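Two complexes are shown next, each including subunit A; its partner changes from subunit B in the first to subunit C in the second.
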Partner chain A sequence: MTTVSRFGALRARLRSPIEPAFLVRRSLGAVVALWGAVTIVFLMLYATGNPAEVLAPETATAEQVAELARQYGFDQPLHKQYLDFLLNVTQGIFPNSLYTARPAFQEVLMRVPNTLLLGFTAVVLGSALGLLIGYLSSSSQNALMRTIPIRVLMFVQSVPNFFMGLLLIYLFSLTLRWLPTSGFSSWRNLILPIVTLACYVAPNVARLFRSTMNETRFDEHILTARAKGISERAVRIRHNAINALAPVTTLIGLQLGGVLAGAVVVETLFAYPGVGQLLVQSVVSRDYPVALAAVILICLGYNLASLLVDILVVIIDPRAQNR
Partner chain B sequence: MRNKLLVAAVAGLIAVAIPGGGAPALAAEDTVTVASLPLLTFDPAFARTVQDLSIMSQVYSSLTTASFVDGNLTGNLAREWSDVDGKEFTFKLVPGAKFANGEPLDAHAVVWNFKRLMDPATQATVITDFNLITSVEAPDAETVIIKTSTPWLELPRRLSAISFIAPEWAKTHNPKVEVNPSGPYTVVDYDFASHVTLKRNENYFGEKPAFENAIYRVIGNNQTRVTSLRSGELNFANGISPLDVEQLSSLEDLKVGAIPGRRVHVLRFNMLRDNVKDVRVRQALNYAINKELITKTIYRGHTSPASTQALIPGQVGFDETMTPWPYDPDKARQLLAEAGYENGLTLSLGVSEEYLQAPQAAQAIAAQLAEVGVTVELNIVPTAIWTSFITNAENGTDLVYLGFSSTTGTSTEVMNQFTSKGRYTWGPANASYDAKVDAVKAATTIEQQAELIREANRILADDAQLVYLWPQPFTYAISKNIEWTPRPDDRPRASDMRPAQ
Partner chain C sequence: MSAVSTSSAAPARRRLPPLTVTVALVALAAMVVTTFSAPLLGLDPYKQDLMAMLLPPSPQHPFGTDLLGRDIAARVIWGGIPPLFVGFSAAAAAVLMGLGLGLLAGYRQGLTDSVLSRLADIQMSIPGLVLALLILVLFGASITNLIIVIALESWTMHFRVVRSQVMTVRNLAFVEAARLAGIGEESIVLRHILPSTIPILAVTGTANFSQALLMEAALSFLGIGVQPPTADWGMMVSEGQAQLANAWWVAMFPGIALVAVMWCAQVVGDWLADVYSVRGDELQ
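For the complex of A and B:
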């Protein structure tokens, strides 16, 4: 234990909990990750075939495909195409979509609100449900409430995403006929995909929240709080639950990334026009500018989310940034 | 304050993302809802997928229209045409045709479109073979004359896939994402990832479609298409797996069916490999596969074995007298023994999920070949990397499972692929077949051309250059209250549908 002077303690309290060095370190990491992702996707797209093969109609002959490759510059050596691409990007020139001639980022940005709406709502709902059930299973007075909800959630977690989606469609669209199966023409289209994704988020949050609460249940500060005569519920909520939030926050941030990735499956299943569906489509049709733009945006979003989470964790627990 | 900002942000996000429409698009009397794969472009210079071509043929006009129902070629913008020696084609156009913005769709507009397609700067991807065209001229507003360097009898049919856009309009608009229609429908609104909504074009010069509205809903996933059909959100879908065809046929509101499609499944040989260079090995594989059994089981009888030609009835030169290769495992064993493989032979086979039921069929093929002593190593490849897989002959498999079809129904589009110029021709091709296909292209009468095609196909079959399998079935489900004649080209058109009487 170090002794801190009253003045030092005051200064520490006034200082922002986020140090600039921490931000710089994190941002550099994000740039490297971005470059890595772009490189991998670029190589993957080209390693899986000359885009001209896909652009040409299926009845084109080998000669005609080669001519098309020449016109589009796909006949150049891969490293040259890659360096040209990077050089252009650093100058702010990004190729347009091969099929729509619109800027590739515009194509992706048009889909971002759809995916965010799906992802954020699912994470918020899933996390809320997870926190509630996690809390109940660790702290409820009622033995049934402590065991049943978390068991149900475990069961839900063991059902894969696409299968859960199919079950929900079967129940709510085909049997009960309450909700549409697919597409995006009204808010009713959102319910099933959001529930499917939330089913993926809630169990993880619930389990971590429960185990962290249980781990710290007998920590000294909680025993002290109890000894001071604070009510059991207040101890549970203010001292036990709040302190268990830091690791859960990190997890929720990571879930957001997971949900965006999982949305590829769910968007395809529910024919939902989001970034995931666009990414799949642009890879299949070799619209490489759009595929690259989508990956860059997803990577940026993921990094931003994890940066925000790190900042949030530092605010909750300032010791975190020096670890 | 912070909470209010958050609420505002979420509300904004919801407002941006949720479309204005209320109830989901369910079938109305004057509307037909059709399942589509994701759309890529509206530009006729770049449209190559069946879904793009389907929309294109309904919002734009082409000179001719190829029917896949009976193989006939009818006029669209052209009311009649004639040729001199197959090298000089004169098309007489329907007078008074217009684009929606009032621009005339006359011979001058057609000439402009050809110039645009053939200009390297356009980087058009659809103009394969168009280098044969030497000039396109418009002596007057109703006449287009196209001259080619060599006879090209198939030109009028090939032109059925070429739609025209408006020259003046194109100067200030992006035809890849905007439409100035001249066809039976206009585009009301669209999102390539989710839907295209069409409305009847009252100014269309041809026959007006029966349904006022058509919605093409993008549903890439097979399972989702089936559930959407069951829930009544779709009036039409095709490309349904044969198993689902049976399941859907129990529903009261749907008519479900299948006809042999235009795409013929075959196995091709990697002729760089010594083990398939002996014609007896290639013949043995043809004898060893029980196509009858596979089409009855895996395809549920929705198709039948192909005869020894990769064409379908209705195509020029389709030979009615050709029959499927007989199933004779004893003969196969004997041929393999003669070729020196009495102790067995191992072959690798590349298969894509791209072709309907191909992975399942390939497993059955492997089992049948095992019975004659051929061990098959299966390589089942996802659609996304299939192209790279089949363009790399050195590292490729000994056999490849492929489906071949023609965009407009011409025979040479398919036959080209088996010559040395074919994209998936690995190693040396059959030289006399090459020569015969060149002769087919240079033919000056249809009768002569048909005879040459029959001869060419016989050369290919005698040399067992392919293992002939079956035409991929065209499977579909359609609401009972809609009338529609199945066409095997994977391009369902709302303009062909009408309410049932």
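For the complex of A and C:
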């Protein structure tokens, strides 16, 4: 009898907590959102007038513009053009860059690993720092550790990321001369951009982690754990902190858009060769094909990343998929 | 979440705001008044003096001068106008839009709600700054376009909280009573449901103000927002980046002004959220 029920319990424990229905629903949502994003970009392009004129170099003759319009079907009826646009986007076909004359999509794709490296490291580091400080501020025995780190972090939150980066450059590159100011030639170039971006992630994580831990501190399961005589530290970590992880992970997912925007600013500030820097460069130099490709790829990356985070939330707390 | 409120999580409902909040409110008011009285102070943010290039802070130029010999103190005071104006107008526009659509979706429900909620989802699936870059470069960077872009980016935040608030309130007894009393739908929504959304909107509106201000500053820093020679904090920080090695004051003072406004807005926002017990994660 007992072995059977134990076996059942083990199987229940090993079964994936993710329900297929949730996966399908969430993925469909991501696809619809992406379709919406591409449609908005298409409409924007049309609202300015003739997209062929926008996408052609400024020096192009009328014939060249007409040729480009024919090539990309801008002379077709609108609904046909829209379908073509969707089809081209799904295959990554964009006009060539107006400056390097290389396919715009490849130009952007080349930069993706750099941005991923920056963004991922910053999110992980920022979350780790935020969790640590959030934990300290809710559970430390020492009154100073409870108040000072979180206060500092809340002040950091009100420093715009480009100014934070500038302060770090001033301190570590120009005054102490420890780190390079810009470019990407060694791992040392990565430190300041990552710290700048992590400073954006950490405060919100710390604040939500602290408030969730404080709210659930007197929940019944925690009182039970304490009544069983488990050490205070184990109660805090295994019963209080672990259960506060799911909302924090949701928050991190919601902040990904901010991280991407931050990456655009930080990459430009540190002249770091990522997608964000390319986007700003192409926008400033009116290289529309590259700008379009970058915007669409960023939307894709953002939606994929938030899908992954939502799945992570379900793994941490399976109840989340039924909400 | 749970009905039981604990001593540590209980909202601090005080008659007077705490000291930090009072300081932040006074400082914010002082900065807003100084900034918008800039035209009356007789300071010229454009006067170039090539004999006084990159002078360090001195009694004559308290914040020093920039590469063109312009007085940074004057430019910092003038430079607050675009971010504060854009931040306030964009937040106000976004609140109105989110409130209107949120009331509609929450009260009508059904198809209206599904369509509007989908729209909000799509809007949220495009990172704001990225869309703003594209729109501003296609339609040109002007203050009006900045306000429109930032408002379009942030209406979803208000929409979501208003919608869920309306969905709760519309089924409460007093609304039912108003309906039975034969009061028209419009006046039920406007006079009986709308007032209950105001505290939440105070919180989301404040959060939106600092977000909008930050976005304006970031766009101007990237060179796609406010255009030179207009003074603007974000743009001044960007101008100062090149001179950081030999003239720190060019970037530092506008940056400090930004931090000060952001900090005040955040302290006030946190206090409002505390008073009306709105959790931070609902505002994202």
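Following the convention adopted for this analysis, the second predicted complex is superposed on the first by the 240 of 323 C-alpha atoms of A that agree within 3 Å, B and C clash if a C-alpha of one lies under 4 Å from a C-alpha of the other, contacts with A are read in each partner's own complex, and residues count from 1 in each chain.
Heads up, the rule we're going with is that a contact is a pair of C-beta atoms (placed from the backbone, for glycine too) under 8 Å apart; a residue touches a chain by one contact, two chains touch by 3 or more.
If you're wondering where the values come from, they're calculated on a predicted model, not measured in any experiment.
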{"item": "Which of subunit B and subunit C A:Ala60 touches, first, second, both or neither", "value": "first"}
{"item": "Touched partner set for A:Tyr82, first subunit B, second subunit C, both or neither", "value": "neither"}
{"item": "Which of subunit B and subunit C A:Phe218 touches, first, second, both or neither", "value": "second"}
{"item": "Subunit B versus subunit C as contact partner of A:Pro273, first or second or both or neither", "value": "first"}
{"item": "Touching partner for A:Ser158 - first (subunit B), second (subunit C), both, neither", "value": "second"}
{"item": "Contacts of A:Val284 with subunit B and subunit C, given as first, second, both or neither", "value": "both"}
{"item": "Partner chain in contact with A:Leu174 - subunit B first, subunit C second, else both or neither", "value": "both"}
{"item": "Partner chain(s) touched by A:Thr48 [first = subunit B, second = subunit C, both, neither]", "value": "both"}
{"item": "Subunit B versus subunit C as contact partner of A:Leu251, first or second or both or neither", "value": "second"}
{"item": "Residues on subunit A lying within both footprints (that of subunit B and that of subunit C)", "value": "47-48, 54, 166, 169-170, 174, 268-269, 280, 283-284"}
{"item": "Subunit B - residues contacting subunit A, complex", "value": "10, 13-14, 16-19, 21-25, 38, 40-41, 46, 48-49, 120, 123, 125-126, 128-129, 174, 176-177, 191-195, 217-221, 223-224, 227-228, 230-231, 233, 383-385, 387-389, 391, 405-407, 413-414, 416-417, 419, 421-423, 425"}
{"item": "Subunit A partner contacts - residues on subunit C that touch it in the complex", "value": "1-2, 4, 6, 8-9, 118-119, 121-122, 124-131, 133-135, 137-139, 210, 214, 217-218, 221-224, 234, 237-238, 240-241, 244-245, 248, 251, 255, 258-259, 262-263, 265-266, 279-281, 284"}
{"item": "Contact footprint of subunit B on subunit A as seen in their complex", "value": "47-50, 53-65, 68, 71-72, 98-102, 111, 113-114, 116-117, 120, 166, 169-170, 173-174, 177, 180-190, 268-274, 277-278, 280-281, 283-285, 287"}
{"item": "Residue ranges of subunit A in contact with subunit C within the complex", "value": "29-30, 32-34, 36-37, 40-41, 44-45, 47-48, 54, 154-155, 157-163, 166-167, 169-170, 174, 204, 207-208, 211, 214-215, 217-219, 247, 250-251, 254-255, 257-258, 260-261, 264-265, 268-269, 279-280, 283-284, 286, 291-292, 295, 298-299, 302-303, 306"}
